[in-house]
Structure formats: structure tokens, C-alpha cells
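In what comes next, subunit A is part of two complexes: it sits with subunit B in the first one and with subunit C in the second one.
Coming up: the complex of A and B.
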């Protein structure tokens, strides 16, 4: 069957020709019919479905297909973001899915999985899924999302390229069909992000605007004193110690707090220019003060961020900008950079067990992995060195064959809203595996990959733990008043503290009285707009003035 | 609301306190701590009014650890709690105590 990929593509294109009279541009009202000609039963159909942007018009158009003619589709969607992408399973068009993340549709996914309405192949990390597009999950058809197209099929995607370049490469050159929805069909595209001869069809979305989530906007007004305290500990106990130059931050408020404290506490610690210069990061609005204060040399973004366009374009030395003046992003390259060339990853998790394994999967909600496991692990294939990487490696091996080691830091509050405990004896993920929903417990970051856990109570340096028992007590020793924290062995914890494996704020010389919101260089969204000289244009849901 | 009182044997840290101190801001999910010097035969007393009922054991744990860490004596703590999580209670107590014993702002 695989022998016929080229012939099958030709057949599909011939059938479509009757509709399009050989043109690449298809009118919006014909799109259902076109998809009916280029999608066949059992095809692997890749649709964007990215972390931020969604090919909303094409997702909806799939619902026009007739399930008695076209069915058993195998969907490849990195992020399931729209209800239509699951409706196609309810309708009987599709039967199987391979994915990386199901954020907004996570509750419905979990329900469909329980009721066996959907077959999940695997849940992946982003780059892992893209890699499979070139191996055993070659797309027969891809449905992409861009900003502009010309009538030849050249595509402009602006800063929200995200997954597009990985998907189009895998589809166009492996005899798949490439269909792109764009906001506008224009005479001349602003920049060619995908060349015309990779593209089979383009269609102008009647809404002229694809769905885009401002996923990386954190309102400084929601940052608490606990987060400030944990941020101060991370900056003094980890950043100032290892001086990592290359890094990635997660999307949570804990790391947003650190970003906002670079011009204040970071300045006081003398970190500027010595550490934290090269970032893998979406254009976080909370980075504006640090950028303005000259902390940042470069930021490679996996995607864009709504409202940050003008600010990003005004900083071409820092962000990747095309000759046309607009941002270019790539999740593939940014994930590669985070995996291989970041000395430190700092993120958070919903559940951590006593050995440091963490998961964001709960029984009611199936979110998936996204990029965290790829960022939050020691890259076994890394060979280039840096001071931070070597220092961490030295702590980890404690002698013997010299190795480097990535710093993987989890910052978590011991309690979440509603007194929900972050530290647990058993992850919900284990139960899911036991219920046979997943062949493996869906672990986000394995304990052995974590170098430090930071809570309000202190820092646990897991690199220095020599046995699993020590690691367990180091984690219990910072787990606060959770049940996991209460079950600590006080003697062992005191010993770990005397060896510097556990550090309390007072051990780091941090006064808790200073852990106030005064530490933040911006205290609300409006402050960020001011820092940006009015270039940052926050989405209306973040405007409360 | 639940009213709780705890008494602990004090340690040997005498706070040279000239004034009482109020630390912590009352707002949603937060709490207010007032520490006063009192002749309590070396003991410490905690008087708690809390909006979250049924957490007496957690309070016991938080206060014991506070006493262990700082070893204070002859202090009375009045706490108005608006359902703060234990880590926030602990942070506020530490902040109040640090302010009291002359920690610098």
C-alpha cells in the first residue's frame, strides 16, 4: 500500500481538479467538497491543532464529510484545542488519534476515553510526535493554518508558525496533500514561510482570523508572596550558584514572578550579564521589564503571544525577525534548543510524589505532555559543555567518570487552591495505568531527571542525594504540611539540611519580610504596558482599566 | 468560624520586645497575626479564629514546627484566619516573628 503513495496523491489531485479547475485557491463554500476528494478512509490526517493557533475553519469543514463514505480516519493533532476536533469522532469519521496535548478539551477527552469512543495511539512530547511524522505516522493529508496566501500558494504565517514547518515538511515531501486555511488571499504575501510548490490548496477563512490563545500571558496582579519567596530562593539558591546562561521557563505564575524580579532581586544578586542571557520562551509579557533593563541577549520562541507583536518587532536583536520585520517562530527548533542547549529548565507541576516523579494527568482530565518532558529532562545526547552544566554534573556524579547534567527545577506551592496537596504518596497517573487507560503511567517528568524542588519551605537539591532514601527525605523535607511532608524523618531531614541538600530561606540568608509584592518590577498588566512604552497591546480579557 | 487555642512550652529565646507587632494583611485567603509579650511562665499561647473548620490537627503541626524552629517564650499570638493554606500561615508567623525580633525590612 505504501508503494502507491505517489499514485494515490495523483488520483486525489485529479478528482479535485474537477472542482477547482486546476487552481490552488478554493472558495470557502467548496471546502467540504474538496476535503471529500482529498481525504480517503483510513488516511492519516494531520490538523493544526497547535498549542496556540488552531485551524478552526478546516476543523469545522471536516464535519461536512459523510461518515458512510469516509471513516476510520487516524488523526494526528499535537494540541486538541477545539470541540470540532473531537466531534469528528462522535460522528464516526475518525477512530484513532495520536497527540501531544489536549489542554482545553482534556475533560472531554478523558470522558471519551473512558467510554471507549476514541482510540488513543500514544500521547507524545511535541518533537517526539513530529519525529513520528517522518517515520511510522506519515500524514496522507495535512490541514494547516496561515495568515496570508497568494494565488500560487505561497504562505505567510507571521510569528505563529508553531508546528507548521514540521508538519508541511513531513507531508509535502512524502506524497501527502497540503491544504492551508489563511486569513486573507492577497496579491503578494508579506514573506514566504511555506513555498508555493509545497502547497496543494489554499482557502480563505470567512472569519479572516484563526483561533489563537494567549496562553503565555500571566497577570502580575495574581502573584502571591509565597511565589515571591520561592522565586527569591530559586534566584539566590540556584541561579546565583550555577549561573546558567541558557534556560527555559514554564508558563506558570512561579516563573512569571522570577521574570518580574530580574530587574529587582536579580540586579541585587548581581546576575545581570552573568546568567540568564539566552532563552527558549514564548514572548512572555512578564519578560518586558527584564528585556528593557538589558538582561536578555536572545529569545527563541516556540510560538507567538497575542498582543506582543509590536513589542517583539521592535526588538530584532533579541527575537528572530524576518526581512519583512515580523516574528518567525518554530516549535520544532525551540524544543530542540530547550532540549539540547538549555542549562536549566524551571517549571511547575500539579502532583509530585515522594521520589520526585510528577504528573499533570488526573483521572478527570487528560491533558497530555506538550513540551515539558522534552525540556524537563537531562539530554542524554548532549556533549557540549558549559560551566553550569559541568557544575551540576559534578554534584550529580560526586566523582567517577566526569559528566555534565542539566538543571531541572520544579517550583511548587505545597498546597493549591481548595487545600489540594501538591505532594502525594501516589500519583493519579498510576491509577490511570492500573485502569488500563494507558500502557504506562503518564509521568510528565521522572524523578531521576529533577535536580531541584523548590517550595515555600525551602530547596531540595536532589543532585546531591546519594540514595533513594535520601532523595525521598529531601523531598518530604520541603513538602510542608502536606501528608507527604508530615511523614518526614526529622533526624534525616536535619542531617540533609546540615549537608546543604535542604536549604531553608534562612540558610540562604533570605529574610521572609522581604518576600512581598514590592519585589515585582511590574504589579499588573498596565505596568507591563508602561514598561513597553505602549508597544504591548494586551488582549481585552487582561485589560481591567 | 472555629475558635482554637493552643499552649506550648516555650524555648529559651527571649524576645526583647518594646512594642507589639501586627504582621499580615487581612484579605481573601490570607490572615492576620498579632504577637504580644505576656508573662506566661515561659510558655507561648496561640488564640485562633479561623474561617476554615476542621483543621485543628494541621494547626497543631504548623504551630509545633514554628515553636521548634524559633524556640520563643512568653508570647501570645492572636490569629484571625481567613482560610489561608498552612504554608501561608507559616510564612505569616515567620514574618511576624522576624519583625518582632528585629529582622530588617
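Coming up: the complex of A and C.
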């Protein structure tokens, strides 16, 4: 079949063009019929869907296909975000999926896996999945999601382009068919993000608005004092020590706390201008105070954030902005930047074992990887140097051939809500892999890639550990009153502390009494709006006014 | 834009709030935690108790004038009215009938009756209401301040309505049935409790102020609460059948005028605000100047 990709595409196109009288634009009520012409049994169908944006209208339109005519589809979806994307498996249209993440549908995915209703090819990281679109997972059809199209098929994506460029490149130039839903068909698009001759069909979504999650909005009101304490430790014990200029933060509250403390505690530590200047980051609202205070030179975002549009557009020196004035984003490039040119990644996890392996998979919820493994690993192919990278490398090797090393920091509280222990002897991921007969347990970040673990008990510097036993005791030493923590060897832990491998808040000269919410430059979303001079327009669900 | 955060009344504990409001060093606590007053009912539910049962009571001075003061702790069981909790409040109010302070200041922060001790809590709420009416009849003003994260719902909403003068911040929500309760009984189309902007523009301090329920709207700032309480203490309140009947008439008119509207924005428009959608974005000062400039209140 692969020998005839070109001919098959032509066949499909001529059948479809009969429907559309030769036009690229399709009316919404014809979309099911059109998809029936361009999708064939066994095809690899890529739906644009990431953790924020979803091609919701086209996902729904798939439900109109008849499973007795079209079946065994092999779906390629970076993030399964909508129920329809799993309904097609229940209906018998699709049988196999390759994915990167299943956040909102994670519970259902786990159940379907247990009941063998779905075959999972592999779970990937984002860039890994895009890479396979150019190798052994070439899409036959892709269903994209844009903001505007003209009748020629030029597409405007705005700041939420995210996956689009990777998918369209892989499809359009490998004899696949590109169908795009847009909010509006217009005479002239605001900016051409995808040129018309890469696009086969466009359809105006009757909702005129695609599904978009404000995934990166963290309400400062929910930041606790232990998050503040862990943030202070990270800032003084890691940021002030290595002075990394390039970085990436995860999406959690722990890093949101740090972002909000740059103008306060960061200022006090004298970090401004010396560190943390160039970021890979979605437009986090919690970055507004730091941006306003002049901390940030640039932010390359993998995607957009709902409500941040005007604020981003008002900061073209920092965010990538097109000639038309709106944000341009690309998950592919942002992930590359995070992998190769960030000196430090700071994130969080749901479970960490005694060797530092971590996972966000729990027995009832299958999530996937998203981008964290690419951010949270040492980039073996990196060859450009920076002081922070070399300093970390020096600590890791302890001499010999000069090497660099990315700083990979996990900030976690020892206990989560409901007294759930973050540190465990065995990750749930191992059980999930056994149940689903995955050959590879879904580990988010491997222990050997982690440089530091920060808890409310202190910092464990794993770079300085010389043996696996030392690493294990360093981790148990900051695991507090969890079962993993209680099993620590007190003598070894005391020795690690005297060598600076474990540092308690007092070792860092941090008084716990100062770790209050008064450290935050904004207490709530309303404060962020005020910092932004009214440019930030938070979604309704985050307002308490 | 450089923006300096202020201390937050919303985030403060009950004890901190009392510290904000009263003259320094003047607070004399009644039945403090050291006497270990606590709920006898929570053990059987395996719920941790709190000494004081979630409310601090005592006497103090504000600008040198004697007051009775209470503060509910919203962080303990949502400030809910349990048996001991209610008895402590009732006791303070009844004691004030004898001590005759210049005012009784109530820092409410409560989701209503504590479900684990519902009957006792319901009775407690009525006893508190009765004591408030007795105080008002004696001419001792009862001043309510609402600015905690629980707001005032259920019995707490009713009690707040019984007070002479209500001070609230925009963040404070006041009502009878909470948003989740309305959604559960009426459906999500009637009221989407997760739409926070909708919840706040319906139950929040600004709307309660525009309706006249809240007499003084303040920013979420301890000094503003204190100065509003001081101003309230300079006022006199008249509690009479005539006033109650006038209020009843006013409420009837209000129901006739707005009763068919299902959106706060429409109501604000009807009140005379030309751009009602701008109201949630306004600061307290901006809103007050808009009201004075012609928007009807």
C-alpha cells in the first residue's frame, strides 16, 4: 500500500472534490461525507489535539463514519482530550492508537486498557511522536484546527499553533490529506501560518471556537506555605548557586510559587539579570510580576494561554510575535529549545521511588508523558557550554574529562492531599505496565537524570552522590515521614548532610518563619490582573470578582 | 505595572482579624482555647476538634470605645455553626445585653450549619438570631463584617441579614443556598457553580452592595475593614416595626422589578449602569464613584 501513497491520495481527492464541486471549502453539514471519502480502512489518522487545543469539530465528525465501511483506523493523537476520540474505539472505527498524553481522558484510557478495548502502540514524548510522523507513523490523513482560513486554504493559527507545524509538514509532504477546521472562513487571513498549497480541505466549525483549556493558569490563592518554603530553598540552594540563565518550569503550583517570588525573594538574593533570563514556558499568568519587574529577556512558548493574549501581544520583545501582532507558538521548537538549550528544568511529580525514578501514572489513571521527559533529561547531544551546565557537570563527574550536565530538579511535598505519600518503594507505573503488558513501564523521569530533589525537608543533591546507595539515602533523607523516609539510615544521612549533599532549610540559612504567603508578589488572580495593568483577562472560572 | 500587595483580610485567621480590628492590647478573650471548649459530637465522626469550636469571642475596645467582638474561623469546618460554636456566640450576645457595649462586632465567615450536628446547629442559629433582635431592641448596634473565604451562606447568610449594618469586601459571598446547592437542585443551566465569575457577580460583595444589603463595600484590606467598623459605630440604627414594614415593601418592589431577570448584568443595566459588564473589573473606589455619578443604587 505504501507504494501507492501518491495514487491513493489522488483517488481520494478526486472522489472528495466531486462532493465539494472542486472547492477546498466544505460546508459543515457535509463534513462526515467528506471524511468518508478521504479516510480509508487501516489509515493512519492524525487528529490535532494537545493538552490545550483540540480539533473538536473534526473529532466529532468522525463519529458519522460507518464502521462497516471504514474500520481499523490507527489514530495518532498527541493528547487525547475529548471523549469522541475514545468513542471511535467503542464504535469499532479505530483499533490502535499512538499517543503522548491522555490527561483529561486518563481514567477512561486506563479502563479501556484493562478491558482490552484499545490497542496502544506506544506512549511517547511530544517530539518523539512528531519524529515518528516522519518515519514509521506517516499520517494518511490529518485533521487540524485553526482560527481562520481563506477560500484558497491559507490558515491562520494564532498563538495556539502548538502541534500544527509538525503534523502538517509530516502529512502534506508525504502524500497525506490535510483537513482543517477553522473558527471562521474569511476573505483574507490575519497571517499565513500554513500556506494554502499544503491544505486540501477547510471547514468552518459551527461553534466558531475550538476547544481550548487554560492549562497553565495557577491561582496564587492556592499556594501554600510549604510551597513557599520549597520555592525559597530552590531559589537559594539551586538558582543562586548555579545561576542558570536558560530554564523551563513545569505547570505545577510549586514552580508557580517560584515565579511569584522572583520580584520578592529573588530580588533579595540578587538574582535579577544574573540568572533566569531566557525561558521555555507557556505564557504563565504567574510570570506577569517577574516580566513587569524586568527579569525576563525571552520566553519561547510551546503553546498559548487563554486570557494572556493581550498581555503577550504587548510584550513583543519577550514573546514571539508575528508581523500581524499576535503570538506564534510551536511545541516542536519549544521542546527542542527545552531539551538542548535549557540549563535547568524544574518540575514536580506524583510518585518518586527511592532511586529518584518518577511517574505521574497511578493505577487508575493513565496519563502519558507529554513533554516532561524531553525537558527533564540530560541532553546527551548537547555541545554548547554555559557556566551553570559546566558547574553541574563538574559536580557530577568530580573531575576528569570536562563534561556538562543539565540540572533537573523535582520539587515535591513528601505528602500530597489525603495523606498520600509522594515517595514510594514501588511506582504504580510498574503495575500498570504489567497489567497492560507494556514492555516499558511509563517512567516520566529516570533517577539518573535527576540532579536535585527538593521537599519541605530539604534539598538532596544527587549529582554529588557517588554510589547508588548514596543516592538512595539522599532521597530517603529528604522523604520526611513517608515510609520511604522512615527507612533512612540515620548515620549515612548525617554524613550526607555534613558533605552538603543533603541541605536542610537551616543549612541554607533560610528561616522557616519567613516562608509565608507574604513572600508572593501576587496573592490571587486579581492581583495578576492589576500587575498586568488590566491586559490579562482571566477566564471566568478563575475569577472571584 | 508595579503593584504592591497588601495584607489580606480574606487570608487572615480569625485571631489575626480580631487583631486587625480592635485597639492594640485591648482584647480580653472569653473561654479561650486554654479552657479547651470543644464540640462533643465530632469524635464519633473521627473529625479533629478545635478548642474554641471555630469561633473566638471576647471584649475589646475600638478607638477606645468598648465592644463585644466575635470572629468565626472559616478554616475550621468552614466556620460552621455547631452546638458549642453557637452557644459561645449566643453567650457573648446575651452577655452584651448586660454589659451594654457601644457595639457588638461580628466577623462572620461561615458556610452555615455544621452537618454533623445539624439539629443543635439549627437551634443555635435561631438562638443567635433571637439574641441579635434583643440587642437591637435594646439599642445596641450589631455590626457584621464579611470578608472570609467561606462568605456567609445558609444560617450565616440569614444571621448576617439580621444585623444592623453589613460591611463586606468584593471577595465575600453572601447568600442562603450556596452555588453548589443551587446547581444540584436547579440544574447546571440554572446556575453553573464552577463559573466563578458568575458566582461572584451574583453572590459577591459588589452585587450585595448594589442591592443595598451590604451597606459598606471595602477592599480586601484589614485597615479598610477597621475604618468601616469605626464609621459604622458613629451611626445610629433604628429598629422599629415601621422600618421593618418599609423594608418589606422595598423587598416586594425589588422582587417585582428584577424577579424575572436571570442575569446580574441585566439587573445592573436596569439599575441604571450603562456598561454593567465593566462593574466586576472596577475597584471599590471606582464603583462608588460610578454609583455617585448617576448609576442608581
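A few notes on this one:
Rule of thumb we're sticking to: the second predicted complex is superposed on the first by the 543 of 545 C-alpha atoms of A that agree within 3 Å, B and C clash if a C-alpha of one lies under 4 Å from a C-alpha of the other, contacts with A are read in each partner's own complex, and residues count from 1 in each chain.
One rule holds in what follows: a contact is a pair of C-beta atoms (placed from the backbone, for glycine too) under 8 Å apart; a residue touches a chain by one contact, two chains touch by 3 or more.
Fair warning: this is a prediction, and the values are worked out from it, not measured in the lab.
Once chain A of one complex is fitted onto chain A of the other, the partner contacts of A:511 are limited to subunit B, with no touch recorded for subunit C.
When both complexes are overlaid on chain A, the residue A:521 reaches subunit C alone and has no touch with subunit B.
When the two structures are aligned on the shared chain, A:454 is found in touch with neither subunit B nor subunit C.
In the superposed model, A:530 makes contact with subunit C only, not with subunit B.
Of the two partner chains placed by superposition, A:189 touches none, neither subunit B nor subunit C. By the touch criterion stated above, A:502 is placed in contact with neither subunit B nor subunit C. When the shared chain is aligned, subunit B comes close enough to touch A:414, but subunit C does not.
Once the two complexes are overlaid on chain A, none of the subunit A residues touched by subunit B in the first is touched by subunit C in the second. Listed in rising order, the residues of subunit C touching subunit A in the complex are 1-3, 5, 7-8, 11, 170-171, 194-201, 204, 206, 280-281.
Listed in rising order, the residues of subunit B touching subunit A in the complex are 52, 58, 61-62, 65, 85-88, 90-91, 94-95, 98-99, 103-105. The touching residues of subunit A, when paired with subunit B in their complex, are 224-226, 229, 413-415, 419, 455-457, 480-481, 486, 511-515.
Note for the complex: subunit A touches subunit C at residues 289, 292-293, 517-518, 520-523, 527, 529-534, 540-545.
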